[in-house]
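So, here's a batch of structures to check.
Each of the next two complexes has subunit A plus one more chain, namely subunit B in the first and subunit C in the second.
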Partner chain A sequence: MSHFLVPVFETGFFTSATVQTAVLVGATVPLVAAAVGVFTVMRGQSFAGHALGDIGTTGGSGAFLVGVGPLWGFVAISIVAAAAMEMIGIQRPRGRDLATGIVLGAALGLAALFLYLDATYHNTTGATVTILFGSIFTIAGSTTPAIVLLSVMVVAIVAVLYRPLLLSSVSAELAAARGIPVRAVGALYLLALAIAVALAAMTIGAILSTALLIGPAAAALRFTRRPGTAMLAAGAIGVGATWLGIVLAYDSYYWPPVGHGWPVSFFVVTIILVLYLLAGLPQLWQARTRSASAGITREPVAAGDR
Partner chain B sequence: MTGEGDRDRNRAAEREEILSVDGVSVSLSGREVLRDVSFRICAGEFTGLIGSNGAGKTTLFRVILGLQAASAGSVKVAGRARSRRNPMIGYVPQKFLLDPDMPLRARDLVGLGLDGHRFGISRPSRARRELVDEMLAAVDAQAFADARIGTLSGGEQQRVLIAHALISRPRLLLLDEPLANLDLPSGQEVVALLARIAAEQGIAVFISAHEMNPLLPVMERIVYLVGGRAASGTTEQVVRTEVLSELYGREVEVLHIHGRVLVVAGPGDDPEAGHEQHGPLVGVQIVQ
Partner chain C sequence: MFSGFMINAWTEATIVAVVAGVVGFFTVLRGSAFVAHAVPNGAFAGAAGASLIGINTIVGLGVFSLFGALGIGVLGRRGRHDVVTALALVFMLGLGALFLSMSVEYAPEIYSLLFGEVLGISNSELVPTAALAIVCVAAVAALFRPLMLSSVLPEAGEARGVSAFRMELCFLAIVALATTMTVPVVGTLLIFSLMIGAPAAARSFTDRPARAIVLSVAIALVTVWSAIAISYTTNYPVGFFVGMISALSYALGRGWVAWRRSRTSPLAGHPSGAGVAAT
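Showing the complex of A and B:
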């Protein structure tokens, strides 16, 4: 490695198995989150996405209690919660917040119990922190095939549903008039959202999963005009933020308190926030130049008249 | 679209019956929203569906679209029983205002009119792009074709929606209260555009409104809905004191003032009377 890169990539970065797993997951999950997240923002279901992440706490703590990997806890609870939201009526604009709120409350009650039992029986609070705030460095290498497989599944669902989902996200009435089964499409999308949230919870923690799902998508929507472009941009933002977060977290081992390392999720979420704010700049600049040029545009017409 | 053959076909199509509604009744949670409604619409005709809020306009559209089952009667589109996803019908829904953040260009929405019901991601092709451009041109929307749909004005969004509905080459175009959110000039523009489409492409245009005056210059036929019952015919046949009084079940008067039509309660009328009198006057219809 060239000499000046050493301060960026600390010794052992590229040979560490933990880092390799983290980099792979960091390249996969943000892409899934981007594909699903753009639709989540378009459909106004960000609260549902966030709630599914919080609800992941219940699955993660439950999985820890019975001794299975947290991924399966996240995935199972997320799908069950999404199904419950669907039945209560998340697809009606008025039922949306209600359905989300009811399911969220019930699940978090259960999470309180599970986390208490985890702490009591296993005599550790580390699990609680990992479930809530996550750490991409704690993902077992053996979990990665499952993560990649689930990622492919979600992207496949979104790709197959793409056009009907887009039209029903624009207007349920327009879609219904075209013969699209709006409810079934919405329910399948909710399944994709549930799995995507579970994957995001694995990556940066249950509570923070929404940052990875909504953040890059919201940033991309500030400067793109097409859903496909928005997804590509959101994917790039998500992967970039996660990778940069991994590097910084690895480096932070040498920051005070020396020998501990800062939580990687903190870096990822902060970078996403910064990118979201930066994404607003082109719009701001455009608005300024448009108002500045508004007075000038009439001149060529006048010249033509002469 | 402007060849000799097309024009001949359009002329021949003008007498063709595109929509026939026969004795349609609809009950929603025990309340009768439509009662024995019958009328016909032919190709190339501009027809207004006039009625106050709650008269049953949207329900009637939903029945025609196949999204709402009728408790009695039948609907036929171009001679065939209506079905879900009927490519013969183009539809522009009510109160359609998109969020400015929606990442969708006007041309993307028009393209979804062509293949939005298909699975997968659309493959860009020259034929598809040219068709989208043609539709955008037909509604004078080229200037904002690449703008985000949510940043357009209400009138511009309506025009894009009309292009979205037209791209599948429907025979019947349904528009639910397209003028409701528009200022007067934008509304006039949309009405003129629709009249042109009906005349040039031989499409039957069926447009609902709670106010008939903006449509009077171009409206050939009218379906007048009061409390779920309908009278239909040419505007002259229907918008008359006797016909509307019978429909309302109380005395109303049709006044013509400066080219505008006003329907007012008749002299000495009890304003409460209209609410319960639906009994003996079922399915008032003017047959041509």
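Showing the complex of A and C:
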């Protein structure tokens, strides 16, 4: 690498194997998250998207207890949880958060038991920290094929469902009138969300999975109303934020306290939050100038946003 | 079961259940389950930060839950509420990850902050919890009518001069207060199941607000008491039983609603009964 880039990319950045895996995963996970995330934000199911990641704790600790690979624990528990949310009534706007909450509460209760048993029989409590906070620098290379396969599956579900899902997300009544099985479409989408979030939580931790699912999609939807464009923009934002986060985390090894890198998740989350807030500025400015010129104090943007 | 340190556990759990039952009623009524999850969970970063700079954990929890809750309220005014809540939560957790990475010795305490340590409460912890609980319940009592109005009929509230935004901020501050006092006792995850499960179950049994609150407190008390009793005899974690009993009481509530509906309207194809019958 040429010398003038050293202040940005510390020495050894491009030759490190962990960084290479991280950069690769940092490109795929945000893309899958963006495809699902745009619909998650449009349907107002951020809580479900976050809860499924948290519920991964239950799957991870349970899988550890019975001795199967954590990936399968993550995916299985997410699908079961998504099915339970669907049955309780996530499709109704008023019961949405409640359904998620009940399932999350029960799943976390189970997680408490599994972690206790893990600690009793296997003498470890490290699982909590790893699952919740994760780290993009500690990904095992062996699970990569399964991750790729499941990612392709998620993108395929979203691609096949694209038009009916879009219509039923914008207006469930209109979709039903056109003969679209709204509930079945919603349930299939929830399945895609469950797998996507399980993958993301497994590879990069529950915090980052929520951040990448919601943040880029919400920021993109603030400056474009077209879902296709929003997905592309969200993908770009997600990948960009993750890569920048990786570079900063690598560099931070030389920041105070020296010899102790700052976590990637902190950088990525902060970048995404800042981008989301910046994406709201044009709207804010527009609304202000429009209401000033028209002489009214109504907020047209906020009304359309809900 | 009722001797020595267990007395503290019983007292503390009772206080927590009363607060969770009262605050949780409004959480379920307003559909703010996500906020009730995000504020305690994010406030955990405050505890990590406080331990890093060596001050009392309660201070860190209080500062983070209050700023987190008010941040959600202010930003949620313009953007989508659930998106803002999610982003505020992950930002706080990101800060938590940063604090944790800087203090090495803190990691083992995470489990107790997440899942609580109700069986290890000292006398000195009882007094601040009780004081905060009284403030919390008093705040709900004082704001009961406007809060109720703006939760059920926000437009009618605005017409009567009750600002929905101001009520939202008040409600969020109450959630933050409840969080600060309960998190060290039952953990961030369990306060959430208590605040959702018990009130949601109570609302299936009655439509009247006052009765629902009393019932919600009663269910929360039964949940916590039986969880402690079972945990004491079986040695399994309290959190597991709180989570399971909360979900079970909600399922019972739903069953009750379905049973009453099938009795009052024998028509199977009743439109309002279709959703419940399908589950």
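Here is the rule we use: the second predicted complex is superposed on the first by the 260 of 306 C-alpha atoms of A that agree within 3 Å, B and C clash if a C-alpha of one lies under 4 Å from a C-alpha of the other, contacts with A are read in each partner's own complex, and residues count from 1 in each chain.
The rule is simple: contacts are C-beta pairs under 8 Å (C-beta built on N, C-alpha and C of every residue); 3 or more make two chains touch, one makes a residue touch a chain.
Only a predicted model underlies this, so the values are computations on that prediction, with no experimental measurement involved.
In the superposition on chain A, A:Thr28 makes contact with neither subunit B nor subunit C. When both complexes are overlaid on chain A, the residue A:Ser61 reaches neither subunit B nor subunit C. Using the contact criterion defined above for the overlaid structures, shared-chain residue A:Thr224 touches subunit B, although it does not reach subunit C.
Comparing subunit B with subunit C, the partner in contact with more residues of subunit A is C.
In the superposition on chain A, contact is made by A:Gly89 with subunit C only, not with subunit B. Residue contacts after overlaying the shared chain place A:Thr242 against neither subunit B nor subunit C. Judged by the touch definition given at the top, the superposed model places A:Leu166 against subunit B, while subunit C stays out of reach. By the document's definition of touching, of the two partners only subunit C reaches A:Ser265; subunit B does not.
Contact with subunit C, but none with subunit B, is seen for A:Leu113 once the two complexes are overlaid on the shared chain.
Shared contact residues of subunit A, touching subunit B in one structure and subunit C in the other: 41. By the touch criterion stated above, subunit B contacts subunit A in their complex at residues 65, 67, 84-86, 89, 91, 93-94, 96, 98, 101-105, 108-109, 112, 115-122, 146-148, 161, 164.
The residues of subunit A lying in touch with subunit B in their complex are 38, 41-42, 159-164, 166-167, 170-171, 173-180, 221, 224-230.
Those residues of subunit A lying in contact with subunit C across their complex are 41, 44-47, 49-51, 87-89, 92, 94, 96-98, 100-102, 104-113, 115-116, 125, 128-129, 132-133, 207-208, 210-211, 214-215, 218, 222, 257, 260-263, 265-266, 268-270, 272-273, 276-277, 280, 283-284, 299, 301-302, 305-306.
Subunit C contributes residues 28, 31-34, 36-37, 75, 77-80, 82-83, 85-87, 89-91, 93-95, 97-98, 100-102, 107-108, 110-111, 114-115, 189-190, 192-193, 196-197, 200, 236-237, 239-244, 246-247, 250, 254, 275, 279 to its touches with subunit A in the complex.
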